[in-house]
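In what comes next, chain A is part of two complexes: it sits with chain B in the first one and with chain C in the second one.
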Partner chain A sequence: MVQKVLEVEELKVGIKDEDGGRIAIVNGINFHLHKGETLGIVGESGCGKSMTSLSLMGLLPAGVERHGGDIRLGNLNFNSFNKKDWRQIRGKKIAMIFQEPMSSLNPVYTVGAQINEMILNHERVSKKEARNRALEMLKLVGIPRPEQVLNEYPHQLSGGMRQRVMIAIALSCNPEVLIADEPTTALDVTIQAQILELMKKIQDQLHMSIVLITHDLGVVAEMCDRVIVMYAGEIVEESLVVDLFDQPSHPYTKGLLASLPDIHEQKEYLSSILGVVPAPGKMPAGCRFAPRCSFAHERCKEVPPLFEMENGSKVKCWLYEDGEAEVAAT
Partner chain B sequence: MTESENVLLKVDNLKKYFPIKGGIFGNKTMKQVKAVDGVSFEVMEGETFGIVGESGCGKSTAGRTILRLLEPTEGSIYFQGKNIAELNPNEMRRLRKDIQIVFQDPFASLNPRMKVRDIIEEPLINFGVSDRREREKRVLEVADQVGLTAAQLSRFPHEFSGGQRQRIGIARALISKPKLIIADEPVSALDVSIQSQVLNLMRDLQKEFGLTYIFISHDLSVVKHFCDRIGVMYLGKMVEIAEKHSLYDDPLHPYAEALLSALPSPHPLQMKNRIILKGDVPSPSNPPSGCTFHPRCPSCMDICKTERPSLQVFRDNHAVSCHLYESTEKLAVAAGELK
Partner chain C sequence: MIAYIIRRLLHTILVVFAISLIIFFSVRLTGDPVSVMFQAGEPTKEAIAEVRKNLGLDEPLYVQYGIFLKGLVTFDFGESFRSGMPVIDLIKEKLGATLALAFGGMAVAIMIAFPVGIVSAVKRGTGVDFFGRIFSLIGISFPNFWLGIMLILIFAVNLKWLPSSGFESFKHLILPSITLGMILSGILARLVRSSMLEVMNQQYISTAKSKGISDFAVIIKHAFRNALLPTVTFLGLQFGALLGGTVIVEQIFSWPGIGRLIIDAINQRDYPVIQGGVIFLAVIMVAVNLVIDLSYTLIDPRIKIGGSRS
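What follows is the complex of A and B.
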């Protein structure tokens, strides 16, 4: 459990603008992933969670670049990677499933061909073996009548089935780390429950580590062991999932949890966080949450470090300065 | 719900079928997609009626058909006692002053080439308010009510964030002083912190103007928070209609039960027994026989495969469409409870 499979240090991602400058989207974040655990990254749109996940795969869109920090997977450091190295890693060591199963599958190839492609790329097997492996994967992810589905095209499948195919492709080469970027956001709740159940089952079977990116705190409660909360390109809180729900520390996390409608409790009004997320490039100086924070004070004009709490949680907020040990900014 | 309350809207056996064209010239109706298939419900004045269901269950189509943005195939819609399904287009247009709609996607439902001021003002022109000064006054008034500043009115929609755009959409719906607002997934595209702002705003407006809402959503916790009574739809049919506490505390229909249990738990230590439904929602162009839920239903009986159940009142303010609750003993028990 203590073995770290993935370590990210001081990751910085930015958009290049016209005059050669850079607009920071992810501003120096640190985290690590233990073997077999599920790490949740939560935050609202624009907080940089998707860009973080794409940089782990080396799949940042054109115009966006990683300009600082280290990503280490076991003893591999991604910094020295060229295109060929990336191709060998992706799918084999670290794989990803995306939010939109329709747009991430190729509409003109059969399901079977798309799984085979992955297997043939990474393993020295014959086409026949690859096909058998593909069939096995489809069975693993619980697709009914897998033999026929191998020869079908993505449009013939429903959303939930497509997401299962995505998972089958991602897992076909037995990766150490699976990155799931909003895997159930496009699905209905009953299908979401099916897919989450499936991911848990497969994780147990294959001892994978999962990075789960989501905006849905319900999914986090369901799936994750540890959670990172991101706001405006920074980590504002990191803690065990139970601590996050029982004793949220950062005012943003508190606000986020309070603004969720609770199915067991009846309130007339929901509490809400005033204002909106600042746009990249227009970040406030000091603590980035300060303009929306009801606890903001003088000190918040300076950037707070991550303070470590007694229960091991880390919080980026001046309120936790006293009596708490400061985490060395490695 | 007491008798004395006024029924604002009564929908009776509403159907909306979409033809699938085929044949050599594409002019033959091959099949019909029964998007809404015999839905009946009532909405009381001042309440919030929620419609929940998964994608493709026909909840949005139902909402649009009530406003006759889509022409109903069959059935009647009584608004304040008048059947609006029979009105001609001109009369309908005038009636839309009283029934307005807020759409899901605040990015697609605002004209990008119009200023916010003009977007909000347009319904007034449409409903024949000819005095320009009065219109201007009204725009400012409504903008203030939804939390937009006067300076923001001269901007274009792209300059606003999702939450603010939804405020513009609400202002546009509000300006003709409607009695009923149909809100079709108004907060689905928004982040949670913004979602709560918009929900609070809608609640404030309801109190201030005595609005009635039909709130269409797939998010069960939002619906529980916001609605008074809720209808659960599955494949174009209402399978359960109940007062919200009755529904969430003790759902009757197996589908409603599974839907509620599928919700992710709000706390990591509160794990629950989940009913995982098998399979997917069938296509509405080719619905299963009998009860449309029977292929996925954990308590399916023989009768479910052949006979379609009807919506029946099971207990106070709680109606369900399921053969499980149709047996005479159970009804007798329920009737006993009512007395």
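What follows is the complex of A and C.
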């Protein structure tokens, strides 16, 4: 059995509303991450994937809080964490890269200073050693003329280069888990491919585990070992990446895949899933996807559990109550 | 950079020339200075003509302006109609007091407004923020003459801790600086708060937090440094205003500053002092602006002055 690095159980994240109540954004999700594995979390905007990732860092925005569940990293349980404990794992055990490389680096400090800051914060090294390490990191992420770039400011670099610098910062303390929140969304397609390739290469070198948050199924196919599909704050499907593309189970996943354009097929219109993700606090009773689902039936007024399939995939849909029989009929 | 500074200095000459025109002619619209000089009795026509000749007021306007301009080039603003002292000496005499008060007021404003603005932004929406904003509101809306008088009443008259007027020692500086600084800090705290709020939403703040560094480092090193730019612009402009625009505070505390010098000169239609004083303040204002612009390059490396963007 491969070692589990990160385990998340019944994670609940909510916004405090004015009456002191709570509006759920992430509604009791479970997942885990193996060592060296890349886990994709996909879903439309507003499905709770970013909030899930931020709660792993303890960096939920003001007004949003984790109000239930366990997050365990190795033998550390985040529930008992105070501010100082959080600071010690951020960057050191779990690091994060963000969507917007253009604005993720502080414009008033040099690249070198921003990498050094991370290293000096977590490791007992001299400034000179930190600088050498920063230089190594820049080489690792494939930055040309790294000596000069150390002394340059972010505005002197392109978007792709900045994302490489972000990766260098995130990996400078050799974290066990890297959370990448839409790391390539803001980049050109060619640069996207380079960055993804780089992440894969470094993952192999450092045996790191990655949680990749994206809405881009192409990126998922390229990068991930396993995938979690989130919808309206819940996990609706979890499976190996091969199975997800070969035999998508949940109607939502099918819809997502169907909305991808196919290079071999000429279509006048791209298919899309009708409707939008319901707003937090206005979730339908029963299956949350039912109002947008063309397979919805009477049973969907009840909340479906996650059904386990023969190939090990899990699906939160009543169609799979009796295994895969009914699916074939659809 | 050097070319830029030279260009700015040439601009300064233009500005001074324009101001000299405006001030020279507008001052002469206020009435005849000689008429206010004789307060007792009715002067004879000969006496008036005599005075006008002595002051050079009998020459045609363009000649007077020419003499004024010529003086400007040699930093000679002429002599006061009243005291007969060279205007430049009068300004020099008051400059120390004016600068001391401007710096004092600035220092008080910064010491109060930076912490209040920063804490208010960081604790947005909490009780602390509420008090911070009330403080700003009070600072902005309090009339400074009232505050000055209250401070004198409490600390000079009742407690007898501090002197109420004049400028002889550091102690004399405290009350007027607080009066000026409090008013300024109201606006400044609001500005710091709003700049901080804007910066705190930036992605690089999340990056900084994700490094596991302390909240203090995130706020001061990453957020505040970025929030500084609009603040410095404001402070620079205010500094210019403080040099000449502190007349009320100067009156309350009998502060021997340039603001009061000019107001007195206006009341007495003392043309050379008005002209010299205003020109002097204009030059300082332009110089302060230049210093602010140059300081941007130190705060934000993205700003390159005079050269092309790299």
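One rule holds in what follows: the second predicted complex is superposed on the first by the 321 of 330 C-alpha atoms of A that agree within 3 Å, B and C clash if a C-alpha of one lies under 4 Å from a C-alpha of the other, contacts with A are read in each partner's own complex, and residues count from 1 in each chain.
Heads up, the rule we're going with is that contacts are C-beta pairs under 8 Å (C-beta built on N, C-alpha and C of every residue); 3 or more make two chains touch, one makes a residue touch a chain.
Quantities reported herein were computed from a predicted structural model and do not represent experimental measurements.
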Looking at the superposed three-chain arrangement on chain A, would you call chain B and chain C a clash or a fit?
fit
Touching partner for A:E197 - first (chain B), second (chain C), both, neither
first
Classify the contacts of A:L59 with the two partner chains as first (chain B alone), second (chain C alone), both, or neither.
second
Under the stated touch criterion, name the partner, chain B or chain C, that contacts more residues in chain A.
B
Chain B, chain C and vertex chain A (Cα centres) - angle in steps of 10°:
70
Quick one: classify A:Q156 as touching chain B (first), chain C (second), both or neither.
second
After lining up the shared chain so the two structures overlap, which partner does A:W86 touch, if you call chain B first and chain C second: first, second, both or neither?
second
Counting only touches as set out at the top, which of chain B and chain C does A:S259 meet: first, second, both, neither?
first
Would you check which partner chain A:V219 touches, where first means chain B only, second means chain C only, and both and neither mean what they say?
first
If you take every C-alpha pair with one atom in chain B and one in chain C, what is the shortest distance in Å after superposing?
6
Shared contact residues on chain A, chain B side and chain C side combined as an intersection?
none
Within the complex, which stretch of chain C touches chain A?
124-125, 202-204, 206-215, 222, 225-226, 299-302, 310
In the complex of these two chains, what residues of chain A are touching chain C?
57, 59, 62, 83, 86-92, 95-96, 98-100, 103-108, 117-118, 121-122, 153, 155-156, 166, 169-170
Quick one: in the complex, what on chain B touches chain A?
54-55, 161, 163-164, 191-197, 199-200, 203, 218, 220-222, 224-226, 248, 258-259, 261-270, 274, 276-277, 279-281
Residues of chain A touching chain B in their complex?
44-45, 144, 158-161, 188-194, 196-197, 215-219, 221-222, 224, 241-242, 245, 255-256, 259-264, 266-274, 276-277
